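Per-chain residue numbering starts at 1, and chain names A, B, C, D, E and F are given in the order in which the chains are listed.
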Amino acid sequence: MIEERYFEEYKLGAERRTLGRTITETDVVLHAGQTGDFYPHHMDVEWCKTQEFGQRVAHGTLIFSVAVGMTAGAVNPVAFSYGYDRLRFIKPVFIGDTISARVMIAEKREHKRPDHGMVVERLEVVNQRGETVLACDHLLLVRRSSRSAEPETGTAGAVGLDRTPG
Amino acid sequence: MIEERYFEEYKLGAERRTLGRTITETDVVLHAGQTGDFYPHHMDVEWCKTQEFGQRVAHGTLIFSVAVGMTAGAVNPVAFSYGYDRLRFIKPVFIGDTISARVMIAEKREHKRPDHGMVVERLEVVNQRGETVLACDHLLLVRRSSRSAEPETGTAGAVGLDRTPG
Amino acid sequence: MIEERYFEEYKLGAERRTLGRTITETDVVLHAGQTGDFYPHHMDVEWCKTQEFGQRVAHGTLIFSVAVGMTAGAVNPVAFSYGYDRLRFIKPVFIGDTISARVMIAEKREHKRPDHGMVVERLEVVNQRGETVLACDHLLLVRRSSRSAEPETGTAGAVGLDRTPG
Amino acid sequence: MIEERYFEEYKLGAERRTLGRTITETDVVLHAGQTGDFYPHHMDVEWCKTQEFGQRVAHGTLIFSVAVGMTAGAVNPVAFSYGYDRLRFIKPVFIGDTISARVMIAEKREHKRPDHGMVVERLEVVNQRGETVLACDHLLLVRRSSRSAEPETGTAGAVGLDRTPG
Amino acid sequence: MIEERYFEEYKLGAERRTLGRTITETDVVLHAGQTGDFYPHHMDVEWCKTQEFGQRVAHGTLIFSVAVGMTAGAVNPVAFSYGYDRLRFIKPVFIGDTISARVMIAEKREHKRPDHGMVVERLEVVNQRGETVLACDHLLLVRRSSRSAEPETGTAGAVGLDRTPG
Amino acid sequence: MIEERYFEEYKLGAERRTLGRTITETDVVLHAGQTGDFYPHHMDVEWCKTQEFGQRVAHGTLIFSVAVGMTAGAVNPVAFSYGYDRLRFIKPVFIGDTISARVMIAEKREHKRPDHGMVVERLEVVNQRGETVLACDHLLLVRRSSRSAEPETGTAGAVGLDRTPG
């Protein structure tokens, strides 16, 4: 469960999928309690009946956090999470919806630290109807293997050509 | 607590700050339980002693979720959250650290929907030592007031000049 | 969010209302877990079917605690909570009911500390059918502003005349 | 665990005590999450350092709810909770304090329903230093046994003489 | 609530029953969060529809833990829990099922510590349809009273004759 | 994460280990809340000071449940959990202890269903001092691959010879 995986070992276009998880009322209530966000969109059944969706909507940060957790696999001690880009809440997730996540290696970039590279994982969360509800790009800073401490010039360009639509 | 606030009413550079909140061991354990991320970085005191920081680190998604929750003020029925850009985990947050958040209106942009504009809120999370630990740009799609359904051409340009370094 | 508000600034009859919140099964289960009260009235669907209400009832302390939390607004550093009087559980709250709270300044009293006065906030919790389910009087001990450290004799009397039926 | 106990069976002055329970940081964080009360008095270690007590204080509603839960014994199907009077937060409870509760039958009163009587249980919460931190009067409406459906006139007077200082 | 009860005081065949408790979605989600077991059997409504039971099943460890908790009565300072034998998950427990527990003193055995004996409590968990869903044998090591520090040879034999079918 | 693994594929003596997890005060408080077991051994710091261990002890069912959760790997659709034997609480686990689990295939047995076999996984939980704190035998009923639907007579005997000391 702890596996070193170097920059060179991330394959562009490689994809993995998680199992599913149903977002429950419990998840929404616990997330409100953890974050202090008790907006009526998440907490007030009666008010929601008067709104566009007619029912409570899960917090965006809940779906994002659960999705990130779902994709946590083996610990990679030579990588660390740099951040996220273009996090988008594409469709609402309702109580009772079941989500799963798909992660694809969408891009590999040079980084100013010559012994590291940036891996961009495209994360998409899909519901039980096959609709994408959330998407984001996860930026992973990953050490290069000792064999290739020299920046592999050209790699970024090649990656650019292969760049997934992500 | 429900207040309509139109695109025109968001003032570039306006800033607000939240109260503080201490991130506790409970928060970390609950977040692991909510997300399923039981990585040793968050859960294993002994393993953490052997790592760079020497102690458990809060999940990035926890700090992000709490910060977003802390900044939740009045409900604005004419705005909705579009997503986040450039979410960065700048420094680790340890158990016992106290964070607060600062939100600044960093940018106002035209949007393809002519009756809406995009407000960019720059969110920064600061710890008790004054260090910024997380930053991101919150994208809010906000309706224009009926008086100005016509796009205010030039606004974006003016905003561009004023654009905060964010 | 931290605002000094002195005894003189509380206006008799002033009223505020909170947003709504649906009481969920999660709330009841968490409250049982927090308090250790696993009475079948709250926890046993089958037993409840044999009782007057036919379904589980939320703990009185849950509704009271949530209502107090819902009414928490700005922090007033010159006031502190002295206690509650006449807390009454008027009607049962069922899982799925949506409650909101109404707070009215019902009375202002002299207090033996001459530089403080007692503000009585009447708290009423209402469900989605407009029924009052819980009521109590919140006693707030509030500092007088420096300009009026002398007890305003006569105020209590005037308040008495105006006293709301509560 | 379900035991019928009629009005006549409550003995004035009878007293019982609960086991102890330590109020933990977890309890405070969970109570904030349940109620939405994230006041810095409970949640912000740094701010608390600047205040009178120098540390976080448990929510009054937490201590009240836990105390009520601690005193829950056998279910009495012929009694129901009418409410609470004179709930007072006498001293702060800090994280790590251990509380226990003491319940005494302080008063028995006539009630307008002739086949019921009101039992007043005096509840006191004590910390590990023997200090009373919370007190209240619990009002229990209890059915009279069939043998004594007639109001026992005079009982209230006798109780008045015995009335505890509460 | 703390009552000394010696080996000799446990009566073979004595039985007690608990109140009921409904296993909720909240219980399952909290147990997943506590244990990290997010298997789709417990968490994924859609996947469960494709399986034999057609719905989510509670974790075996949840039912076991709740049942053990339900049977916790008075603290016996002269007994301690040695372990469990033959823990069997006999039928699935679904969300919404109501369970109660039955404990019978099934066996009393000599123990190598002459001043202690082993009490075997047979624990059975029953659902609202009267079906046994879980069974196990709880081993309690209990001190003998000072009057009978000598092993009561023959007791085990007698117990063997009386041994419940368990 | 869903992988079919037949009876024949379980190798006697094969062993795997989990990452570690620190048992926190939060875990203990949440487990009390989930199970209703608020015994002072787990909840009352002051009482624990007067006892043998001098501090709070985690619930046995907590350690068992967490350990089972930690060992949950890929879902095996052709196996199901039959139960546990010889569950023993060998040493107390204190708040702050870090546990990990070790699972070994200790035995393979014939089962009355000819197309299934019983796999016995020996589960041991170890703390940060290398002490075994809990042990049990997990019984897994696993389908035989279609190629060997005939019982492999003699296997049990061979297994008996190899049987690990467990």
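We adopt the following convention: a contact is a pair of C-beta atoms (placed from the backbone, for glycine too) under 8 Å apart; a residue touches a chain by one contact, two chains touch by 3 or more.
Computed from a predicted model, the values in this text were never measured in an experiment.
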Field: Touch-network distance, subunit A to subunit E, counted in steps
entry: 1
- prompt: Farthest chain from subunit E, comparing Cα centres?
  reply: B
Field: Chain separated most widely from subunit A, comparing mean CA positions
entry: D
- request: Compare the contact pairs of A-E with each of B-D, E-F or C-D and report the one sharing over half of them by residue number.
  value: B-D
- prompt: Cα centroid separation between subunit A and subunit F, in whole Å?
  reply: 32
- prompt: Distance from the CA centroid of subunit C to that of subunit F, rounded to the nearest Å?
  reply: 48
- line: For the pair subunit A and subunit C, the C-alpha centroid-to-centroid distance in angstrom is 42
Message: Can you list every residue of subunit B that touches 2 or more other chains, as numbers and ranges?
response: 19, 25-27, 30, 33-34, 36, 38, 40, 75
- prompt: So how do the chains connect up here, line, ring, star, complete, or something else (other)?
  reply: complete
- request: Give every residue of subunit C touching subunit F within the complex, in rising order.
  value: 30, 32-34, 36, 38
Statement: Seen from subunit D, its contact residues with subunit F in the complex are 19-22, 24-27, 30, 96, 98, 128
Message: Going by the contact rule set out above, which residues of subunit A touch subunit F in the complex?
response: 1-2, 18-19, 75
Statement: In their shared complex, subunit D is touched by residues of subunit C numbered 27, 30-31, 34-37, 39-41, 59-62, 64-66, 68-70, 72, 75, 81-89
Query: Residues of subunit E touching subunit A in their complex?
result: 25-26, 29-30, 33, 38, 40, 43-47, 56
